[in-house]
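In the two assemblies presented below, chain A is common to both, partnered first by chain B and then by chain C.
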Partner chain A sequence: MEKFKEIIRQYPFLGFIIAFFILMAIPSIFFTDLYQSHLSSLIFINIIVAAGLNIVKGYCGQVTVGHVGLYAVGSYTAGCMFMYLGASLWITLPIAILVTGLFGVAFAIPSFRLEGPYLALATLGGGEAIRLFIENGEFFGSTYGISSISQPELFGITFDTPDKYYYISMPIMLIAIYFSFSVLRSSIGRAFMAVREDPISAAASGINVKKHKMLAFILSAMFAGAAGAVYAHLPPGYIHPNNYTVIEMVTFLAMVVFGGLGHIWGGIIGAVIITIVYDLTRPLYEYQLFIFGLTIVLTILFMPKGIGGFIDKYFIDRRFKKKQGVASK
Partner chain B sequence: MLLKTKKLMKAFGGLKAINKVDFELPKNEIRGIIGPNGSGKSTFFNLVSGVYDADLGSYIEFDGHDITNEPPHKVGELGLARTFQLLRLYQDMSVINNVMSGYHTLVPYKFIDAVVGRKKIWDQEKVIKEEMMELLSFVGLADYAEMNASELSGGQRRLLVLARAIAGKPKLLMLDEPAAGLSPVNVDNLMKILMRLKEKYGLTLIIIEHILKVVMDTCSKVTVLDHGEKIAEGTPSQIKDDNAVIEAYLGKKMDDEEMRKALAV
Partner chain C sequence: MKKIKIIFSSLVFTASLLMSTIAQADNIKIGVSFRMLSDVGYKHGMLIEDTVKMWNSQGGINGKKIDLTLYNDECKSEKGVANATKLAYQDKVHVIIGSSCSSVTLPMVPVITKAGVPQIIPHSTSSKITMTGSEYIFRVPVSSRFYKIVQGKFTAEQQGKKIAYIYVPDQASMVFAKEMMKYMKDEYGVDPVYQVQAGEKETDFRSYLMKAKAANPDVIVLSGLVDETVRMLVQSYEVGIPKSVHRVANSVASKVEVPTNAGKAAVGVVYSAAFAASDTRPIAKKFVKMVKSKYGVTPGHDFSQMQDLLDMLKPALEQVNFTGNLAADRNAVRDSIAGIRNFTGLASGPISFCAAGSPECRDGNKTPVMIEYTRGGKNWKTAVAGTVTFKPTDGL
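And now, the complex of A and B:
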């Protein structure tokens, strides 16, 4: 087991290839209807957003509530490129990532001067402004939304049903997680944490605080953009401004908080659980916001480091006991 | 000269926190800065390290570079490290990560390598970690490497802050009250570590300290500040006998007549 861990650590790609094959096999073994594939795709999309949000909020400590706006930018870049140019996912995805990255810059600028709740308000305004701009713009299909966005083709197969689209969203999610891990486990991730913990002493260690805040916002915006584009092309390919409201933002936040702020797996665990709960509670639509709000409050009160922190604590305790056991022998 | 300030000035409103201080520090010296509370010692540190902008007409030079009003991270990159009176530890990070983030400016790989996650950086990270573990064992914290910094005791935190500051291999290390709140045994331990540091890394040190024993025993020269002005500079024994210093900081013995007067009032 130790040796296996060491190999994974040396060749981080290997773990993702194993995960890829496992996830490839899952639909044919477990899934009984199309809806399960659809839900899995939604989970993957939410994982991408949550992994990005974990960079800026969990690691860099910048409270942003406007992430859903960036997600909308990604979706609508893809949607509009399809509507006006007929572009497929393979073209819209990289361009959506780039465009959303640029919007990330706009969200980063207030973070130079604002902190905590004030930054949250500023970014909330930014996110809502984007949604209202889309809702009132003829160019973006206004309140009709954009419909029948095409599904991508590869090797002569059109991925136009939920069970096929699973094989598009899953690898993109794995690549996103891979990028988030490699960034967060490097010196950049450490610098993000240092900025979160104490910007003044981070600067004294030679860490450029503004540059790293900017970097965190741009990176996480790119994740949101990628997720948005994948969501836009998700069959049946329909996007509407109402999919990008504060409610969605609260769910994204709930994912990161519940999974564990600043834990490398935090966003991912949270995204899986919250997406499933979100789906199960669909009949209780009026209470959903209440449920997620309550989840955030209770998690912060009783489990401030989320599930990730809980798991970490278990492993640390176990290692500690092992050490003690060795010492007593 | 490693560090040089000319006519260094900083006013907060009408209060001149630092007033025309000329300061020169050659390499390989341990310099002490003493003075009563509010005499401008920490302001001096903040000005040099770039946390505050100095007033017009000031000039600060470090290792041949003009660093007047440079942002703190630029000053840090040039090799000037400092600690803070209030520690400013990264509470919610492990001890080893605290130290490794101090190494930030020396990390050999580039941003793009990190994003792509090449194997090269994992090897380099391993080397950095080993080096930092060595540093931790040097200050005696190696056993606590995986613990959260917030779980350390007060004395250990002071050592961790010290380790984080030297992680970046600075040329000049400025310590703001490194021994505050330490027990006598720990103060001795700290002094030993400081002396060994100087030998091992060829550091130049500036120490602000109220525990005079530390200043008198470790520093080769002492600068005394009072009301933002430099009132004396010299070897510890010279400072001890300087009248201005005694008046402003050390305090003098009262004879019986004076004592009676003081008590009567």
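And now, the complex of A and C:
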């Protein structure tokens, strides 16, 4: 077991390949209906957004409340490319990532001068402005939305049902997580943390604070763009400005907070739990928002580091006990 | 001892689950997805729950109990699609009722069509929905393709052709205003004297209204959601648009909040809908009385359409011989609903469906009614200005 752990530590890509095969097998073993596949795709999309949000919020410490606007940019880039050019996911996905990355630059600029609640307000305004622009623009389908966005084809298979689309959203999510891990474990990730802890000290240590803030916003936006494009092509392929409101933004933030801000698995754990809890409480629609709000408040009060914090504590305790045992021998 | 207790309780739990599954396997399952956010939204949900409870207390449908699953879609397409997928594949319902918003119903159509679940629409009016050609979709309300004609014809022939339009960026409001503009252009060759799309959740419409006033219109079309319609009506008097300029609203004006909150400003407003609370038929009077006493509101056409839907669904379900084969049962429910002819309920006209999945067959109510508020405030009153029954192909 120790040897296996060592190999994974040396070649983290192997871990993702194993995860890929496990996730490939899950539907045929555990899923009993198509809805579970649909829900899984939603979880994967939320994981991509939350992983990106964790970069800018959790690692770089920049308060952004407009991320849902970037998610909308990704969706509408894909939607419009399909509507006007008939492009498939394989074309819309990379372009949505690039376009959203450019929007990330616009979101990063206020962060050079603003902090905390001021930055939150600026990004909130940015996110809402994007949604309202889409809603009022006939080019984007305005309040009619964009419908019948095609599903991708590969090797003659059309991924047009929730069970098939699972095999599109899942690998994209894994690639996104791998990319997020690679960035956060690199010198860039450490620089992000330095900027988060104290920008002045970071600058004194030779870190270009502006550059890293910009990079965090761009990377984070690219994740949102990828998620948006995957969502736009999710069967039945319909996007509408109503799906990119402040409520959705709060949900994304809740995922990151619940999972654990700045914890490498934080956004992922949060996205999985929040999406499932939201689904399980669906029949309790009268109390759903109350339960949801209460969960966030209780998490912040009693679990400020989220579930990720608990996991960290467990491993640290275990390591400590192990070392203590070795020392006592 | 502890282990035995755990094993025993697990066995009891599993057995009870199994028993409940066996007991429920025979039941008829109805799934609902619509906007249950506002006070009135919840009351629509309560109306369905109460009706189904009543059916069950009367012995169910052909001796079978009805399981009702209600989900809130918050008028969001993402949630509507998730609800439709869940109801179709996980809850395995025989029929779906929903949704309130056209932007939610539209993406639900491909989901339910692929799953083969019949869906009846209680409120959505967008003509695009039935134009998808799905064999599984049925619409109880009047389609926007009929509304545009009746409203356009009435306005042009009785009120005037110099029309100013103010609409908000909500799908139903936009469709109403734009389809009416197109109709006026196509039929009478007239362009709007002024038209503007206001911003989302805007509260001050006075600048738009001043511009509309400057265009000296015969008619001013105010197309918005409930709050916006109320504000636009009240503010139209604040900016001095005289009473002689006719006010026209979309079917949202049928909601009780409009005359209640707009007060005197609601007087004279004309709108097209599928039901008027001033309807003097005994069935309508009884319904208005029941909703007032049970739910504390005067019903608009959203309430009446939901009641009509339930009233026509019950006999349709009674005609189905449920075999236990879900796909076959769903198709049988679809065919039974498609067989509804000339259902006369609360709606302004008879509701009929037929077999083909075309708008001609699936836009059930073809009789919009023109309604005018004669009194505003809490004790508001309406008068029917006229009704028209359209041919199935009109407005296509």
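Worth pointing out:
The rule is simple: the second predicted complex is superposed on the first by the 317 of 329 C-alpha atoms of A that agree within 3 Å, B and C clash if a C-alpha of one lies under 4 Å from a C-alpha of the other, contacts with A are read in each partner's own complex, and residues count from 1 in each chain.
The rule we apply is simple: a residue touches a chain if its C-beta (ideal position, glycine included) is under 8 Å from a C-beta of that chain, and two chains touch if they have at least 3 such contacts.
In this text the structure is predicted, and so the values were computed from the model without any measurement.
Of the two partner chains placed around the shared chain by superposition, chain B is the only one that A:11 touches, whereas chain C remains out of contact.
Of the two partner chains, chain C is the only one touched by A:243; chain B is not. Once the two complexes are laid over each other on the shared chain, residue contacts for A:161 go to chain C alone; chain B is not touched.
Once the two complexes are laid over each other on the shared chain, residue contacts for A:90 go to neither chain B nor chain C. By the touch criterion defined above, A:193 reaches chain B but does not reach chain C.
Touch criterion met: A:144 reaches chain C, while chain B stays clear of it.
In the superposition on chain A, A:282 makes contact with chain C only, while chain B stays out of contact range.
Contacts of A:207 after superposition on the shared chain: chain B is touched, whereas chain C is not. Chain A residues in contact with chain B (one complex) as well as with chain C (other complex) do not exist. In the complex of the two chains, the chain B residues touching chain A come out as 49-51, 71-73, 76-77, 81-82, 84, 88-93, 97, 100-105, 107, 109, 111, 114-117, 119, 121-122, 125, 146, 164-165, 167-168.
Against chain C, in their complex, chain A makes its touches with residues 33-36, 38-39, 42, 132, 135-136, 142-145, 147-148, 161-162, 235-236, 238-240, 242-243, 279, 282-283, 285-286, 288. Within the complex formed with chain B, the residues of chain A that make contact are 9-13, 178-179, 181-183, 185-188, 190-191, 193-194, 196-198, 200-209, 262, 316.
Residue ranges on chain C touching chain A, taken from their complex, read 36, 42, 69-72, 75-78, 81-83, 85-86, 88-90, 103, 106-107, 109-111, 114-115, 128, 169-171, 174, 197, 199-200.
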